[in-house]
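Structure record follows, encoded as structure tokens.
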Amino acid sequence: MNYRKVGKWGLKISELSLGSWITFGNQLDIAGAKEIVREAFKSGINFFDTAEAYANGMAEAMLGDILKEFKRSDIVVSTKIFWGGNGPNDRGLSRKHLLEGIWASLKRLQLDYVDIVYCHRPDPEVPIEETVMAMDYIVRNGLALYWGTSEWSAEELEEAHKVCEKLNCIHPVVEQPQYNMLVRERVEKEYLPIYEKYGMGLTTWSPLASGVLTGKYNNGIPENSRLAKFPNLRKHLEEKGMLGEKVFEKLRKLQKIADQLDAKLSQLALAWCLLNPNVSSVILGVTSIEQLHENLKAIEIKEKLSQDVIDEIKEILEDE
Amino acid sequence: MNYRKVGKWGLKISELSLGSWITFGNQLDIAGAKEIVREAFKSGINFFDTAEAYANGMAEAMLGDILKEFKRSDIVVSTKIFWGGNGPNDRGLSRKHLLEGIWASLKRLQLDYVDIVYCHRPDPEVPIEETVMAMDYIVRNGLALYWGTSEWSAEELEEAHKVCEKLNCIHPVVEQPQYNMLVRERVEKEYLPIYEKYGMGLTTWSPLASGVLTGKYNNGIPENSRLAKFPNLRKHLEEKGMLGEKVFEKLRKLQKIADQLDAKLSQLALAWCLLNPNVSSVILGVTSIEQLHENLKAIEIKEKLSQDVIDEIKEILEDE
Amino acid sequence: MNYRKVGKWGLKISELSLGSWITFGNQLDIAGAKEIVREAFKSGINFFDTAEAYANGMAEAMLGDILKEFKRSDIVVSTKIFWGGNGPNDRGLSRKHLLEGIWASLKRLQLDYVDIVYCHRPDPEVPIEETVMAMDYIVRNGLALYWGTSEWSAEELEEAHKVCEKLNCIHPVVEQPQYNMLVRERVEKEYLPIYEKYGMGLTTWSPLASGVLTGKYNNGIPENSRLAKFPNLRKHLEEKGMLGEKVFEKLRKLQKIADQLDAKLSQLALAWCLLNPNVSSVILGVTSIEQLHENLKAIEIKEKLSQDVIDEIKEILEDE
Amino acid sequence: MNYRKVGKWGLKISELSLGSWITFGNQLDIAGAKEIVREAFKSGINFFDTAEAYANGMAEAMLGDILKEFKRSDIVVSTKIFWGGNGPNDRGLSRKHLLEGIWASLKRLQLDYVDIVYCHRPDPEVPIEETVMAMDYIVRNGLALYWGTSEWSAEELEEAHKVCEKLNCIHPVVEQPQYNMLVRERVEKEYLPIYEKYGMGLTTWSPLASGVLTGKYNNGIPENSRLAKFPNLRKHLEEKGMLGEKVFEKLRKLQKIADQLDAKLSQLALAWCLLNPNVSSVILGVTSIEQLHENLKAIEIKEKLSQDVIDEIKEILEDE
């Protein structure tokens, strides 16, 4: 396993990491989750990502219970604050929710601090000063070692860094955007000045586009698949055109490349994310040991990708 | 119930809220207060206001005892520091009293932090730097999430914000002024630059002008009424001309409008406060469940107010 | 008893206050000290001053034990750090000694915080940045509410304030100089710009010039007197010319004025200190209840002083 | 024993001090180490240096166990963070390792704070802002009273001080370089602007060049000697040319001077380090009481060095 720095900063995380979205507390119970976390750690994964929103806090509680068996400095744990409940002050990036949120997360995680706390989304309703100062409070009080953002625009990040500079607050060091073969704009274009000016790293989610990049939806939604279980997700993907014939055609072409590499399409898709040097870690969502190992092989596949193959993939992806 | 942001800031409070001045520990014992707080919360009120001065700390002690049954993040609790006792250092906005005051308030409230701590009055005897740095200490040490002022002039607020900027201290986010149909100058004119430049919100007190806006004093002070019980308050209102015939004439005209809306005069008065978009919350002082529900109907009355009716009210109020 | 602000700042201290130098742990045992502190408090004294150096920490231990019976906010307690022991890091204004000193003082005092912590002397061996940042640490961590200096020159104070401004550190609010009829230069001249520019207050020590201003040494050192007991003090006073005939002549003239006012010379001397509006409090060192009451009468004497009498005193003092 | 200030700062350390590198947990067990620490303290040594890396934390654990019997303010304890383990985040100057490192060190040392925490090496992989802010966090949270660096270049120190200034962070006060008769460049030339501009002090290690300056390797590596036991160290010295004939020739000349002074060569070598006024303390590594006393005599030897002798030594050292 390679460990990459989070942008220009000193924290080092495994290039493949383990998320808990949708899986922990949903498809996985505590026994299943424990088995996967142990195997992930054994395989070199040191970064474990969760959020207060995942399974309404149960993902944090499960992860916390599992992580107790590891040495604290051996692991990098992150959580995200934004959706904490239904009360008027239970969501968003107000000082009240950020502080009450992280206090509650740390209790569920049974930790004194997380390594990274993310603002799970931007909150246009709250002045950026309020959010920046609350995150600064969290880091300066040792509740988190670093802070980051998730799905913020480059403009919002710019603004945050400027406020940090003005108020002498601690800067965010990492963004967590969606990034995969089908969703590339933000990571590959919009954020370019952010990497250079502020040295932010990326921990990316949905590397398989909710499973679309496994090719398993090319011929319809199989029973028991994630999209069958989460109709909202299906609807969302449909709206984004990600379940359309145009996409499936690309996937069939990519499948051929994968075949030539003796790889699964999903492995090719993960390998492709790893090629981006601005990506610090690709967060995996897995529901079994087998799937974990399958995904981990993406690292080997990445090594096999020649410039020619990379160019070919690019052409397929950009073909209108 | 609508929840409004405190000015431009992220904290959200119910547009009607529950105060404890004069009522808690005076007209209400712990059982009565508990019943009202529970009913208020059930009705959507999430903001509960008190002060170290109310009933010499007993209001805080009662509120603290009652609030224990709620989830902390579901409620917004505020207190105010200024009048803490009779010793030389027991009042005002010195660092000594502000810190000793909030420490004592939190103990009485049985809380780790309040959401808002107010400077209950300006203190011209203390340099604004001292007050600002003490409030900054309180927020940076997690004893309060936000700080505000009560009955400060726009000029004093300007000065406070400038000192905050200079010393990189946390800014006050909210003022608590008196505001009602009869006391409008400060909220409607003096503070205008403060809203715009600093995004401060308002939590307003005395929306019924100590009961004058119920019309119950139009024909003299009834036995057992609040003004009969608190002669100082009566004297104060008399001095302000609020118990004069000129006021009563206006009230009789407003009563007619209320009648047309099938509302009580007090409900019209509350509704009128809610019309002001700079008001984040109107603090109610109630002594019974019935009165609480009566007051809560102001929200519906507000919806019924056409621009014509609003103009008519304005004309009555401004008629010299 | 009048309470004066400490310079422009919000803390209020009694114009006469109780010190513990030489008395606590030397001339007074715990029972005697307790009696005096109780009586002082009853008489309106709210400010109690001590230092780590007094009786090698025993003065703090005694004061702490006595003060437990008072409400914390009713009293203002100060200590001073500089001479803590004989080890290489036990004295002076290094970060190490200031922090270790205040931690030890608070333990002996059985307090969570003092109201004021003084740098007991300037320390030219330590950069002023180091001292200022250590005092800032002490105040920002709630170990003291305010900080001050003792026997610093105006130039040293200027420098300290400039460093505070540059590093955004908390400013010192009070100086503790010697001040009495015979030692006036610093308080009346040197510090003038300091009062005006920085609003510092003064708590003054040795108002009776180690007893010289009682007149009791006019005809030699009586057995059992303080100067008989502390030969070093005697030597120090002799070197300063304070036990010379020229001084005694002035004292005899002042005695006549005191007689006309029906006052003791010591009372006149204390009253004279109180006349200076830059003095926040005059620290008394008393060894008996009687002496305490005698000293407290200085407040009445001060009221009796006409401008003519004041001018007459000045002339006597300034006569070369 | 003389105590020197750490550069311009207020902390005072004995000019000879006790290290724990290689000795504690290797050549010395707990009983042997305790005996030496006690004797060192009795001889006036107040500065004890260790590091998380020494004997994989065992040096800290031993030192902590021994130091419990001393009064905390009587001793100056330092540790260094850089090499904490083998995990991806267990080494270097990231915020994660610096904080986790110092927390773990303090636990092993059984202390609430160290006096000095050093960055054991520069870490070009981590932005200097991250390192400076983490050290600032450590000092502002009372985990260390001062911070320093070890083996940083003058350029790296310059950069660190500039970032401190920009971010209003606490400056490093001390460097710990290698310094001895054979390794002089950095201390005597490169650091000159650093002493002057920033007042940094030096605590120097390897004053005997790993034993070379005892002369015991002049005729080959004796069995049981340190170089026989640590082949890596031997190789390192050989690569640096420090076990070459050219060096041995110088040593033989220096031996003659030592003989004239009735001193051992090692004592002359230590005395020579003490001559440098920028050196705050020379850290000794000793394995027996005898060796300790032998080394301590360097202080007397230093007093005997005339300017002529010093010039003669210089000539020998600089002879190419």
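So that you can tell them apart, the chains are marked A, B, C and D in the order they are listed, and the count of residues begins at 1 in each.
Just so it is clear, contacts are C-beta pairs under 8 Å (C-beta built on N, C-alpha and C of every residue); 3 or more make two chains touch, one makes a residue touch a chain.
Keep in mind the model is a prediction, meaning the values are calculated, not measured.
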Count the smallest number of chain-to-chain hops linking chain B with chain D, moving only between touching chains. 2
More than half overlap in residue numbers between the two sides of the chain C-chain D interface, or less? Answer same or different. different
To the nearest 5 degrees, please report the angle of the rotation taking chain A's Cα atoms onto chain B. 90
Which chain is most remote from chain A in terms of Cα centres? C
Let me have the rounded angstrom distance from the C-alpha centre of chain B over to the C-alpha centre of chain C, please. 44
Separation of the C-alpha centres, chain A versus chain C, in whole Å, is 63
Among the residues of chain C, which ones contact at least 2 other chains? 168
For this structure, give each pair of chains that are touching. A-B, A-D, B-C, C-D
What part of chain A is in contact with chain D in the complex they form? 3, 5, 8-14, 46, 71-74, 76, 115, 140, 142, 145-146, 168, 170, 199
What does chain B use to touch chain C in their complex? 84-85, 87-90, 92-97, 99-100, 104, 123, 125-127, 130-131, 133, 137, 141, 167-168
